[in-house]
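First subunit A sits with subunit B, and in the next complex the same chain sits with subunit C.
Entry: the complex of A and B
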């Protein structure tokens, strides 16, 4: 008990990913973003993650992780969300890892769709080592208590894909694009948990197909807007040609 | 201000509730308390002449700012850039829809309308680029503002030259004051940074410069509109008040959503 006291101070979370999600903010280029997890927190959780293949997303993995990092078992009490904190750690670190070797948006600026596919695929493949345990993670992610955090993390991932892919969309489709991509990615992730094919080629096909369908729907939505605009414009022009001043 | 505070009073109870889902896709109201210290970005419309001109703004150093901006500062910039983009979207649409009916009756206004439109289009693309670069989401009301601004431009265009100019005058008064407020806040940050001996940073200097330039162009539009008979519009008072409160409401909403 006495020994756990210093842990308290060391484990003081640096992040807001715990229970109350932080807001998305103006992104400055002049300084590094603070790391999402405090060093100790990060050490325990990454060690815990390495025990997930054997222990699953469970308290046992968290305890093993704490031991590996040189802390007492009791320090796992400092993760109030229990095994969910391992899931969250995996999601956050893998999302941030995408930026490290993102496709250069300069030379492939005209192929945003392909960039998105590459990024989503890379993110899916990051689940490989724990894929046989991922349904446990999905169960945790979808419990009512964790749902807000899960959805937010999914939204951030979707935004990360689009940002890194070089999307320049800042109109009202900003929202539909992000929501659509989030749904596609989440369904591919679920599909992957039952995929037995070699190197998850079926998941890749699934993802590619879904993204292509998404493009078509997007084209359709855009088309409807353009069509309505054209009709209205045509009407105005028609009336103007009849001498009516509008 | 009346409209804004009335709206605030009506919506406050609803805004208190924390949005259960990611405030990232959904508009967030929950952070309004933390922004209080800067009041509203619309409160100031002091003359630019009284504006402080910190020396570091003119410094040529390309050094980067080392200390991160505070969370409040980032939140302020987040909503400020979002409102600015929405405002410039509206401005381009208003001029687009006014131009035809106005220039048909008053061909001499063609160069002016075109000049103002192309400046607005420039502002719009400036803020679009900033939104992309700084990962700021556009306002969720984008389609609503599109429709509202197009209608406003079209209606005032049909009402004639004076009404169109009164519309420009009213809009630019609000927008100019709004940019003024932002410039003041940023200048106060710069001053604070200077006092602490911190590097202001290229990003901040550029932002202040851009906002000042755009603000000055908006105020030019205002003068031009008054010069073209904005005050002769009938009913001037009503039009002016209507459009200005519309602008205030739209700014207030876009800061949040």
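Entry: the complex of A and C
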């Protein structure tokens, strides 16, 4: 989407310490990232997002956002992907927001699993205000035209979890597999759309359980199968075609 | 999505030529010849511009383009159908649908902001093709019965063809549809910041000074207003491009001769397409005029045979 360039552009050269192989080329440090959206786009899309609870991820929300920002109905032509641009805006801004109060990397070495859990949970909770509309977002995310963008964003989110959790040095454990984490997160996100429990405790339990049984691939297949099946969006095929194990 | 067909009157159009043909030649222009001419012209001081592959003084292009469209006005629709194998209709439908003209139904009832009806300016709108689609979309898709379209064209023959055709639409004589004879480079009769949506379909390649027309578009648009252009463009696949070139340079002027008895005018149309800037160059020109570009800045239709460009005027 708009200006959400892959992070390589902002890669901090000094993060590649010579003695260590630079494993996370895809990651960059927050203060060096270019703003992901141009100012006008940010203004319209953030305003649009505030109308999602009432209008859904729909053209009406986009138009209301444009009006709030002082633009015209017709100005929404700035967004060729229509309502999907609101979904993308939410995903990108919430991913970047994770870095704000991430665990400090010094004392994380032994606690990576717990850090990942915390980060994933925090990200899930960022969906609270729009959770009753999230299935609309999933429908847009899994349409063939948007699937490449969706999968890339999911992979970036996974990288972000791993990086912020301080897992840079861990190479052998299962969760360094970004795809595995992506799949767990995506299924938790789907689980949350039907979770009626107080403060989404069931989603939290679901997430905790999935992370704990991370190595048991069978469990993952179930989760993703349910997710993709429900959305009929072919996520599994999409991931497979990207060479991701499931 | 189907488009109402009531204005599709091409079959009934008389083949009468509205204006006498001007004595000009643009033909015989092999590329080589045009290039030689170009170099020669570059040496001279006089400002010249393209007329198809010919170079003509800027002052002359307008009248020569005028002659072309005067001579094709009445057979224009039939020709478009034959030349593009009816595809131009699909492109126009796509163009209008993607612009989504009219005030959106679910939001126009909201108290938060009371939007005023849109004013749409269709430049080089000649036969009304785009205008009728705009009004139809606004009315039937968005249930907006107040937004209006001003059709503008430099050529009175094209405008009267459009007016004639409007008689078969629900908007004949309504205040939602009006007609203005104007050169797109000098729209002094249109006020600053008065237009919501400026469209130009298959017109801008005929303009003498395209950048001047873009600046005028910027001036007349309201902040937040949209510039949108549908135009023949550059095919980005070599195989398709070869086939397309053979078709356009070989068959189109021939069809022009058979249907309209006017090979030269259609030869000009084909050459003007060839001369038009690439998608990227044209997007740059839109940006230079002051517009914000969407991402991606254009949409290719059929591999780039045509493209839709848009720009939004910043608030």
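Convention: the second predicted complex is superposed on the first by the 175 of 246 C-alpha atoms of A that agree within 3 Å, B and C clash if a C-alpha of one lies under 4 Å from a C-alpha of the other, contacts with A are read in each partner's own complex, and residues count from 1 in each chain.
Keep this in mind: contacts are C-beta pairs under 8 Å (C-beta built on N, C-alpha and C of every residue); 3 or more make two chains touch, one makes a residue touch a chain.
The model shown is predicted, which means the values in this text are computed figures rather than measured ones.
S.K.: In the superposed arrangement, which partner chain does A:163 touch: subunit B (first), subunit C (second), both, or neither?
M.R.: first
S.K.: Regarding the shared-chain residue A:59, is it in contact with subunit B (first), subunit C (second), both, or neither?
M.R.: So A:59 only meets subunit C here.
S.K.: Thinking of the overlay built on chain A, is A:155 touched by subunit B (first), by subunit C (second), by both, or by neither?
M.R.: first
S.K.: Identify the partner contact of A:40: answer first if only subunit B is touched, second if only subunit C is, both if each is, neither if none is.
M.R.: The second partner, subunit C, only.
S.K.: Is A:190 touching the first partner subunit B, the second partner subunit C, both, or neither of them?
M.R.: Neither partner.
S.K.: Would you mind checking which one, subunit B or subunit C, touches more residues on subunit A?
M.R.: Touched residues of subunit A are more numerous for B.
S.K.: Once the shared chain is lined up, is A:67 touching subunit B (first), subunit C (second), both, or neither of them?
M.R.: A:67 sits against subunit C, while subunit B stays out of touch.
S.K.: Where on subunit A is subunit C touching in the complex?
M.R.: Touching subunit C: residues 1-3, 38, 40, 55, 59-60, 63-64, 66-67, 69-80 of subunit A.
S.K.: Which bits of subunit B are touching subunit A when the two form their complex?
M.R.: Result: residues 20-25, 28, 31, 64-69, 71, 73-75, 77-78, 81, 85, 100-101, 104, 128, 131-138, 140, 142-143, 146, 154, 158, 201-203 of subunit B touch subunit A.
S.K.: Quick one: which bits of subunit C touch subunit A in the complex? Just the residue numbers, please.
M.R.: For this pair, the touching residues of subunit C are 98-101, 103-104, 106-107, 110, 112-113, 115, 118, 196-197, 222-226, 228, 292, 294-296, 299, 310, 312, 314-315.
S.K.: Using the touch definition up top, name the residues of subunit A that touch subunit B in the complex.
M.R.: 21, 23-31, 34, 147-148, 151-152, 154-156, 159, 163, 167-168, 170-172, 174-175, 178-179, 240, 245-246
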